[in-house]
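Please find the structures below.
Below, subunit A partners subunit B and then partners subunit C, in two separate complexes.
Moving on to the complex of A and B:
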């Protein structure tokens, strides 16, 4: 039993790393633009389908394909921001953007269903099947590669945010948009680029998700976005460190519960969210300002 | 009549009469509908439209007034449906007597809404939306896995051996009754202190609290009323279509559709929710019946597209934006006293009535 639990913890941490990457994109978008991007889930699935098409039709390796899908998703993100998000103003803005991104998600889901159908697809390569034995645990290569890539990208994002001028503008905008504007930051440009980056990471998340999850279809976006939202709320919305901790914690928790009660694991996932919010309405690392809107 | 343009007084006298007449006409039309169009395929549209009028109006009582957008309304809809199914099986209720279980379903919805509300309403708006989504998934999961909900195959409602030709008509009138009841409740709430408190919370919760509004109590009451009404219509729905499954009773698209209806018609307006439901639900049904739209993918794209257009170009919905356009025509671009928020536009109980009155006064202005 102890062995199975350890195995579940290892799986949970590895998958949690990938969720962390997707969640960081979401929480970054919330922090800078003050919007909840409901389309994030279906964008992950879009990323997965892009990888699928590249690998099946053009025989490009999944990881090499990311060199194409990441920029593609970045452009899609910037376009979504330019076409829909940028135009919304006013007091109900956060609620409205939530609905707009939901509509965008519906449209993308419809298009994916039209092209790929609803039967489950998965991404295949030699490393999605073969596994390696580490400290007595069998781990499929993709879990390790995905985890390493996710950690590397989160570190890169961290460096971007804390070591560059652009990152300084982003953080300034997160703290106080008006003040950022006053000191000469082009807030609209920062917002567009942040949205693009937040969406671009879904290409990586989608590829790993598609290769590890045992099958996805255009509908999978709903399940994914619900988890990601639970994670970023638990971590405190807009907090990047919080998103990392919460992803690994939640996914590991779910993975461990699955050992005993496979069907109720998801309920425990959402139950944990409810429980934490009853005790701490701002999440683990929530800022007071985030709660006060 | 000639003073109509100059003074507010005659306008106020004229409008309630016209609005009342328009409303009476609408009610008469709604009652006469299944008598005029007896084809079950047509009355089916009517039943579904009324079900969604109720659902959207019930959503509006809580979310429209308080500003807390609930994306988990299917929790109550599905629970109401399952309550009827479980109770009918448990107590061996067959045939039309099962309609007596509709209030029971409402009670179940109300009882569920109390703990859910106590948890979800502790947090502010963005988080509230997400918690309602979380509740939704927990409930769908329970429907899949609990023993009395019968897993994926779901539950059957009591069988009715009514002739197919007139099967829809009783359902139509029951749904009409619930829809009318919900609209009346929404209207009464809007007119009372309770409604004012709710809207004060929507505008500025901290200030409302500072002025002595017991925010939690007010929000929870509205949440419970909304949940009970949604559960009641959910039980009617399951009786009508005959069975409920976890993915039909607890359907994520359902949640979005209601919000879309309310936003299309006019967020926070009673007539808006009704208008949105009457436009979208029959529209979706019709689209799904078309062979080229089968599978739902194209309908989905269309639904999302319409929604984007509405939010981007008439962000406050058809009724408020339409009201502004009408006012512009009436005043011919001159500044007029326009109600500051949606409240004024929302007070119009029915769209055709207000449209008719403004056309009337517009033409009066033209002849002078």
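Moving on to the complex of A and C:
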């Protein structure tokens, strides 16, 4: 039994890394723009399909393909912001973005269905099935690479926000949009670039998800989005590191429960969210100031 | 590493929590847009002597038939295949002059694979669109609640993908007997495989078996029955668990199975991604079961082989009542028409297409033989003990609407995943020798 639990913990940590890759873009966009991007799940699938096209049609390695898909997704993100998000203003903005991004999700899903059809597919390479034995457990290379990518991505986003001029503009915009405008920051440009970055990092999540999951089709994004939202709430909305910690925590918990009662695994996942929020309403890394407001 | 803005308020958390909880509702609502979409099939008339009659009680105009299908959502691939089957049948019927001289018009609504939406759709079809007849949706999960709507309104509910015992055990069907499944009842579908294991010398039988099952009324009953029978033969169960239909990942459950290294895996699956996830995880764990059979997934033609890779598909087995090579003239005609209309190859035709086509055929025979579209007469006729014909073979309904004439077969991918062939029961017409051992995993 101890071995089974250890296997479940290993699985949970590694799969948690995959979910972190999908969730960081979501929490970045919320933290900066106050937008709950319901389209995030479908954007993950879009990222997976872009990698699929490069891999199958142009025979480009999945990781090398990120050099193309990440910039492509950045452009898509900027376009989505320009076309749908930037016009939303006023007190209802946050709630309106729920509907608008849901509409974006439907549009993208429709386009993907038209292009790729409804049959499930997956991303394949030698490292998606080959594994290495570590402490008696087979660990697939793609999971190892995915987890390293997740940590690297969190560190890179942190460096971008706290070690660059652009990051200072982003944080200034977050703190007081009006004051940021007064000191000469192009707030609209910052918002568009941030949304683009949030979507761009999703390309990485999409590729790793497509390579580790059993299969995906244009509709798979809806299964993801509720989990991703749960993860960023638990991690503390807007907290990039929190997304990584919460992903690993939630998926490991679900994985361990699978050892005994698989049928309860999903219920425990969401039950843990409720329990943690009761004890700590701001999530793992939310600010105390939130409670004072 | 927090980048929370200072104006990040409690309202935002509340909004987010609401978002999480309502996402499922939103997803379901996608069928709101989808459900308004309908497809009609109606082509020009050319009278068919065999099906035209001047004595019919059908009002002027086309015979309208309504169905709800999962054109989006978890059952999207199956729902779309079913749509093709229904539309192919309607096209054939209309091209041959319709039924009793009346064209057929299909109205298909999208239920987004959602149990609530499927109920709404049939209420719309019956009470708002006033369709003459109803065809069933895809999956036992949706057929159960949908059939109750049909029963309340006195409609015969002929369907092809609701074979779970729970569909026939609904109070409405127990009372009204309005459900008719033209396909193989699922509970017994693994029995040819069980009988095959029983026929092996004890030394050649698998010693251990695992039974992972998705939480689904279609997937579980046949696997549980097979487990009981195989255990009685002395085959040790090392894993038997039901997992949620949509976990974060199938890998933990699959790794648990791989860790037990059973000789035989009987997977209670509902779709290709579930089977694919287990196969991939087994390969990652360097585990190869000697025998691997799944309740559904490998029967999906090229959708399966392209997802898992043809070489990996080799040796995979699945129960079913039909396959594209089925030696039946009507079946061969349908397969040829399908390939002509939708492209691909004969071996890539999804079994869902045949199930849907059969629904149309059975309803057509009921209309012709009752001389009209009176649902009460159709229900009585279908329960009369008559044997009907379909592309899946003979159809004869018992008191609860199960097809007692359907034969169960086991199919297997062979020849590097290029041939999907009938292997069990051994010695039956059409069966070829079984690959008694799953071939090794391939990375290509």
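Rule of thumb we're sticking to: the second predicted complex is superposed on the first by the 287 of 293 C-alpha atoms of A that agree within 3 Å, B and C clash if a C-alpha of one lies under 4 Å from a C-alpha of the other, contacts with A are read in each partner's own complex, and residues count from 1 in each chain.
The definition used in the following text is that contacts are C-beta pairs under 8 Å (C-beta built on N, C-alpha and C of every residue); 3 or more make two chains touch, one makes a residue touch a chain.
None of these values were measured; they are calculated from a predicted model.
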Please tell me, clash or fit, for subunit B and subunit C sharing subunit A in the overlay.
clash
Should A:237 be classified as contacting the first partner (subunit B), the second (subunit C), both, or neither?
both
Should A:226 be classified as contacting the first partner (subunit B), the second (subunit C), both, or neither?
both
Look at the residues of subunit A and decide whether subunit B or subunit C touches more of them.
C
Using the touch definition from the top, say if A:277 reaches subunit B (first), subunit C (second), both or neither.
both
Using the superposition on chain A described above, determine whether A:114 touches subunit B (first), subunit C (second), both, or neither.
first
Contacts for A:81 in the overlay, against subunit B (first) and subunit C (second): which applies, first, second, both or neither?
neither
Of the partners subunit B and subunit C, which touch A:36 in the superposed model: first, second, both, neither?
both
Quick check on the superposed pair: does A:102 touch subunit B, subunit C, both, or neither? Answer first, second, both or neither.
both
Scan A:94 for contacts with subunit B and subunit C and give back first, second, both or neither.
both
For subunit B, sort through 187-195, 241-249 or 259-267 and name the stretch that clashes with subunit C after the overlay.
241-249
From the superposed pair, tell me which subunit A residues show up as contacts to subunit B and also as contacts to subunit C.
36, 94-95, 98, 102, 106, 109, 222-223, 226, 229-230, 233, 237, 263, 266, 273, 277, 281, 291, 293
Quick one: which bits of subunit B touch subunit A in the complex? Just the residue numbers, please.
67, 69, 119, 122-127, 129-131, 133-135, 137-138, 141-142, 144-145, 252, 256, 259-260, 263, 267, 295-301, 303-305, 307-308, 311-312, 315
How about subunit C: which of its residues touch subunit A in the complex?
1-10, 12-13, 15-17, 19-20, 23-24, 26-27, 30, 33, 72-74, 76-77, 80, 215, 241-244, 246-253, 255-256, 259, 271-278, 280, 283-286, 300, 302-303, 306-307, 309, 441, 443
Help me check something: in the complex, which residues belonging to subunit A touch subunit C?
3-4, 7-8, 11-12, 15, 18-19, 28, 30-32, 34, 36, 38, 94-95, 98, 102, 106, 109, 118-122, 124, 126, 128-131, 138, 140, 154, 158, 161, 170-171, 174-176, 212-217, 219, 222-223, 225-227, 229-230, 232-233, 236-242, 250-251, 254-255, 258-259, 262-263, 265-266, 269, 273, 277, 281-282, 285-287, 289-291, 293
Show which residues of subunit A lie in contact with subunit B when the two form their complex.
36, 84, 87-88, 90, 92, 94-96, 98-100, 102-107, 109-111, 113-114, 222-223, 226, 229-230, 233, 237, 263-264, 266-267, 270-271, 273-274, 277-278, 281, 291-293
